[in-house]
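In the two assemblies presented below, chain A is common to both, partnered first by chain B and then by chain C.
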Partner chain A sequence: MEAILLQILNGLDKGSAYALIALGLTLIFGTLGVVNFAHGALFMIGAFSAVTLSRLLSTSYTVIDESRTDFLGNPLKVEMPYLHDWFGPEFGQAIINWSVPLAILFSIPIMVAVGFAMERGLIKHFYKRPHADQILVTFGLAIVLQEIVKAVYGANPIPTPAPPAFSGSFDFGALIGFDPLQIMYPYWRLVYFAFAILIIGAVFAFLRFTTFGMVVRAGMADRETVGLLGIDIDKRFTIMFAIAAVVAGLAGVMYAPINSPNYHMGMDFLVLSFVVVVVGGMGSLSGAVLAGFLLGILESFASMAQVIEVVPGINQIIIYLVAILILLTRPRGLMGRKGVMEE
Partner chain B sequence: MFGLKGSDFALFLVVAVLTLAAPFILNPFPETSSLAQFNGGYPDLMQRFVIFGIFAIGFNILFGLTGYLSFGHAAFLGVGSYAAIWMMKLLTMNVIPAIIMSVIIAGLFSLVVGWISLRRSGIYFSILTLAFAQMSYALAYSVLTPITGGETGLQPKLNDPRILDAAPEGGRIPQANLFGLDMGESRVWNVGDWAFTFNAGYYVAAVVMLVAFYLSIRIFRSPFGMMLRAVKSNQQRMNYTGLNSKPYTLAAFVISGMYAGLAGGLLVAMDTQVGPERMFWTASGEVVLMTILGGVGTLIGPVLGAGFIKYMENILSKINTTVLEGWFAFLPDGAADAVVAVLGLFVGKGWHLTLGLIFMIVVIFLPGGLVEGGRRMFRGRDRTATRKVKSGQTPPTSKPAE
Partner chain C sequence: MTFTTKTVGRRGVIQGGAALGVGLAAPTFFNSPARADMHTGYLNAPQGGTVTLGFNVPQSGPYAEEGADELRAYKLAVKHLNGEGDGGMMNTMRINGGDTALQGNGILGKKVEYVTGDTQTKSDAARASARSMIEKDGAIMITGGSSSGVAVAVQALCQETGIIFMAGLTHSNDTTGKDRKANGFRHFFNSYMSGAALAPVLAANYGTDRKAYHLTADYNWGYTTEEAVTQATEAMGWETVNAVKTPLTQTDFSSYIAPVLQSGADVLVLNHYGGNMVNSLTNAVQFGLRDAEVNGKNFEIVVPLYSRLMAKGAGANVKGIFGSTNWHWSLSDDASKAFVQSFGKEYGFPPSQAAHTCYVQALLYADACERAGTFNPCGVVEALEGLEFDGLGNGPTLYRAEDHQCFKDVLVVKGKENPESEFDLLEVVEVTPVDQVMYAPDHPQMGGAEATLGSCNTGV
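Our next item is the complex of A and B:
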């Protein structure tokens, strides 16, 4: 029982990331009808905006501390962040430590700008082109974005720690009545899961309960009629693209402490997220979220030592295997709608 | 001639001449000049031109004719490579059994993958093929290590059985050969400052590519090729006329899988090693790139695209900041540094950035690829000429013949 619970918990953080990326992909596909292969790159840009903010905040100058000496006997050189000067050492350090959550605010304008630029500058011209062309041009864009990040930040992963308050693990088992020290779970992963639920809830609520969301849903169902009613649906869809970009970006920001950002993280997640979207059903938002969590948890179960002993290598291929099975038995995915991408 | 129409035969002849004369054509700059680094006429690169040409020709038979976009073709290349290296380890270092086996095994594998994947079309088909390729890659990396050598890959070893070959002499690992003709053997012909390298392996691969190209022309012009085009243009209507499209698409898939296997076998014949990274999905993306860049659905396009990308890869990645500094030394210091810093992003290790940009530009402005670009240049001239003659009449807007 403990083992099962532990695997479910372990699958949640990856599942959250899959669900958030797949949600954005489905939003873009549902509204604009575009298959966006550059969505993983948006996730990566989000993660790197966290890196950028943490670097910006810890910008420092060198002071010579006469009271201490290094091992050669020279006065010690100390890196002094500007924030320590401005806000005092304690509060300044606290801001630096909390750079990842702060990056949420920092990344939103970046992601909105990137989203707008992508949609208006490139994807707009591909509405009428075949899906293959859309896939190819966004694939090219993904390569370009990835290489730019590589040129700026280098090829190595950049560790980006979570705030100290959330470092370490807590005893989840003791909390719900199991033996203590059986189920240890890192705080930050719980934060990530809660954050993902919050974002997913916010997107669904936005679509369900606001006038804007209603118009967008109407546009997803019948774009032409909504246009004939005198509503500028293209503008709303552009905004939805930016929202999808923000969702992917925030997923990336919060993922930075879990997995140190590197330039190819976007591509790694993209391939799996596409599988997730297809399993969930092209065009179904709830399907994407459900499939994201399901596949994340399945992957974590497949990595259990007992399972690998029986079926070696299953942890590497489980997601693809499930995708093949689902596509062959339920061609529209778990919750796919009729008539989406069936030509 | 050989069952080809006049224009097709001319095209084939041009390709044949260009391929066989490649050691001259790709080496236009003397060894002593500073432009020598743009020479592409060394054996390793020339082999890659023709081998990836075969890969792209095969991919084009599937994607260009039927419109099914496979994102997992590198798996067939990888499987072919593994089959070839095992023939070299078990049977003989002669490349013939290795290449034949690689085609057969890749064909069988693509039959299984295609039979399952072709149940769906559009993006679902792409994802299914991608899933199969990623599975093969992950398995080759982990569980199948006894067969694939895992991360290190496979090379011929001294203690391999090689039942048809005589025992290796002097503890040297024997080289891949064609009935004694060593694949790595090169003759260099020095003419003045030029050095032309004729490599046995290249010519073997080039002859194989010409055969593959000839077959692809025959497929394009056959009734079978017409059926595949029908699948692309309107599968539903084709089904309504009482034709079952599945056998045709499956046949196209298997043929292109066999081409990929052939390319994989040739790769092994040239460098006698293989690793799982050959099957990674970026490798599948690369062949899509080649085909698109050259021109989807055209005969010569994939070969051009493969050559273009492999040339860029080799030449651009060789240029580093030192080379750039040498070129721009004539500029004032600050300007030179700036130019070198900007250009440095696009060359050396950053050549993928150039590749991505070229790719985007081609998809955006030139969906038909290089072939379409060339055609437009010629047609543009023709059209202005016709307009002058028949003013007031609109030029024909029919689609160019494929």
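Our next item is the complex of A and C:
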């Protein structure tokens, strides 16, 4: 029982990341009809926004400490962050420690700018081209973006810890009456899950309860008619692209403390996120979210030692296996609509 | 106006013929019998005033940082071999109890040049780049790499084509175990040695009554490391509760880490390297494993193969965690200090263990050629087999003839609690004497009696 609960909890945070990325993918596909293989790169850029802010906040000047030596035997150069001088060592360090949550604000303008640049600069030229062309150009863009990040930040993962207040884990099992130490869960993963729910809720509320969202939903259902009503749907769809970029970026920012960001983290998530979109049903936002959590939890279960013992290698194929099963029984995915990608 | 026409007379023809004869004869003259031995009769025998080495390192992909450091080390070695710079460890190296044959005038009087290839940490890409350097660039020796899968694949290629392979960072037993080859040599230590060195330190620090849970990268290196550490720790009295294979492409290890505490284990052994290690260790710390108390003992984590470059990625999570390493820049012997000075002045930061092993391999190859008096692979193999050397940062070392594996002391390290700089991440807690990590060439972990080197191949 403990093992099952534990894997459900584990699946929730992995599912949160899948759901957030798949949500953005579906928004872009549903509005612009573009299959965006550069969406994983947006997730990666988000995570590197957190790295960038952390480095900016840690900007230092050098003090030479004559009492100690460096590896060459020269006097040691000690880095002193400017923030320590400006706000005192304790508060200055606290600001640096909180760089990941602060990066939420920092990343939004970056992601909006990247989203606009990507859509206006490249993707809009491919609206009327076949999906294969869109996949090729966005995949190429993803490779370019990850190579740029690698050139700037290097190939090694960069540790970007959560604030000390959220480091460590709590005994979830003891809270609900199990033996101690049976179900441990890191605080930050709980924060990530809550954050994902908040963002997903916000996107749904925006689409459901605002006039802008209503127009976008109408455009998703019938772009031509909305255009004929005199509404500049293209402009709204560009804004939706930027919003999707922000969602992916925020997912990346908050993911940075879970796994140290590296330049290929976007690609790692991209393929699975596409499976999530297809399983959820192309163009269905709630399908994407549902499938994200479902596949995240299934992947967790398949990684249990007991399961691997019975079916070796199941952890690596479970998602694709489930995708095949679902597509065989429900060809449009869990919540897919008729007519999407079927023309 | 008078026009004079130059006609070629009989005398001119004779003179020209003689000159042509001398010209045509010249190469034969320079290839006198003694020299013919040196520079003919094997693949890519260098003919001009230069010799080309092939540096096959990961320049892209997840191990690009290690590859970059390997390349820096090779460039430094080339400088030193050609008599430039401060000479680094060429000044400290001792060969069979005497001085090195290297004189700082290249190798066998030929200036050392190099070409580079990108292994991408993929076996097929690494073989393609090595083949290109051998066939197109005429590389006489291939060296480098940061993966055992790559090392085994490139070593086999070098054996087939008749080129010497001086392995870079490869830690799997198989490289000089079941997949050993006559043309291949490894200076880096291996999984068996890590297990043998770590186990006593672990027993001394954590006791002999421990239950270990292994997470193992699902490939060649992971298997041999798990086997080595399991056998070594079980011999000390530890029990292995479970050993789970994790996909090499895994990035989030939470679903593998979370059940560890439920298993009743009180030690987690992470047979992971590179990005796998960074992520699994980070996840393990996040899940509170380091703060947990199981079976009345503090829960502990062990990382059998440490790398400073990777430790940097894991940040503060490495603090207090035991592992092993081939070499560390903080060693205080004259050779290590000379290398750190030389490398540090050139690049501004200390070298990694990957850089160290590659630099040493380049020097050892060059010295073997000098002593053999030829670049002929069979001559080089003969010069390296059974070689005893010192002054290269690891103390007295043997290049064992039976499997072409170096035997030297092994460093057990621990993540430093209070690092003084970004490089100061590991501290050496014990230097395990070579006798403790020695094994028979036909040890079961090394492929048993069936594993043989075969015979050296000159490629012609």
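Simple rule for what comes next: the second predicted complex is superposed on the first by the 327 of 343 C-alpha atoms of A that agree within 3 Å, B and C clash if a C-alpha of one lies under 4 Å from a C-alpha of the other, contacts with A are read in each partner's own complex, and residues count from 1 in each chain.
Assume contacts are C-beta pairs under 8 Å (C-beta built on N, C-alpha and C of every residue); 3 or more make two chains touch, one makes a residue touch a chain.
Because the structure is a prediction, the values reported are computed rather than measured.
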{"item": "Touching partner for A:Gly168 - first (chain B), second (chain C), both, neither", "value": "second"}
{"item": "First (chain B), second (chain C), both or neither touched by A:Ile148", "value": "first"}
{"item": "First (chain B), second (chain C), both or neither touched by A:Met335", "value": "neither"}
{"item": "Partner chain in contact with A:Asn259 - chain B first, chain C second, else both or neither", "value": "second"}
{"item": "Contacts of A:Gln316 with chain B and chain C, given as first, second, both or neither", "value": "both"}
{"item": "Touching partner for A:Met44 - first (chain B), second (chain C), both, neither", "value": "neither"}
{"item": "Touched partner set for A:Met184, first chain B, second chain C, both or neither", "value": "second"}
{"item": "Residues of chain A at both interfaces, chain B in one complex, chain C in the other", "value": "150, 316"}
{"item": "Chain B-touching residues of chain A, taken from the complex the two chains share", "value": "35, 122, 125, 129, 131-133, 135-137, 139-144, 146-148, 150-151, 267, 271, 274-275, 278, 282, 312-313, 316-317, 320-321, 323-324, 327-328, 331, 341-343"}
{"item": "Partner chain A, residues of chain C touching it in the complex", "value": "60-65, 242, 244-245, 247, 249, 251-252, 254-256, 258-259, 261-263, 275, 278-279, 282-283, 286-288, 291-292, 294, 309-310, 312-317, 329-330, 340-341, 344-345, 349-350, 420-421, 423"}
{"item": "Chain B to chain A touching residues, read off their complex", "value": "67, 69, 116, 119-124, 126-128, 130-132, 134-135, 138-139, 141-144, 281-282, 285, 288, 292, 345, 350, 352-353, 355-357, 359-360, 363-364, 367"}
{"item": "Chain A to chain C touching residues, read off their complex", "value": "2-3, 6-7, 9-11, 13-14, 68, 70-72, 76, 150, 154-159, 161, 167-170, 181-182, 184-186, 188-189, 258-260, 262, 264-265, 268, 299-301, 303-305, 308, 315-316"}
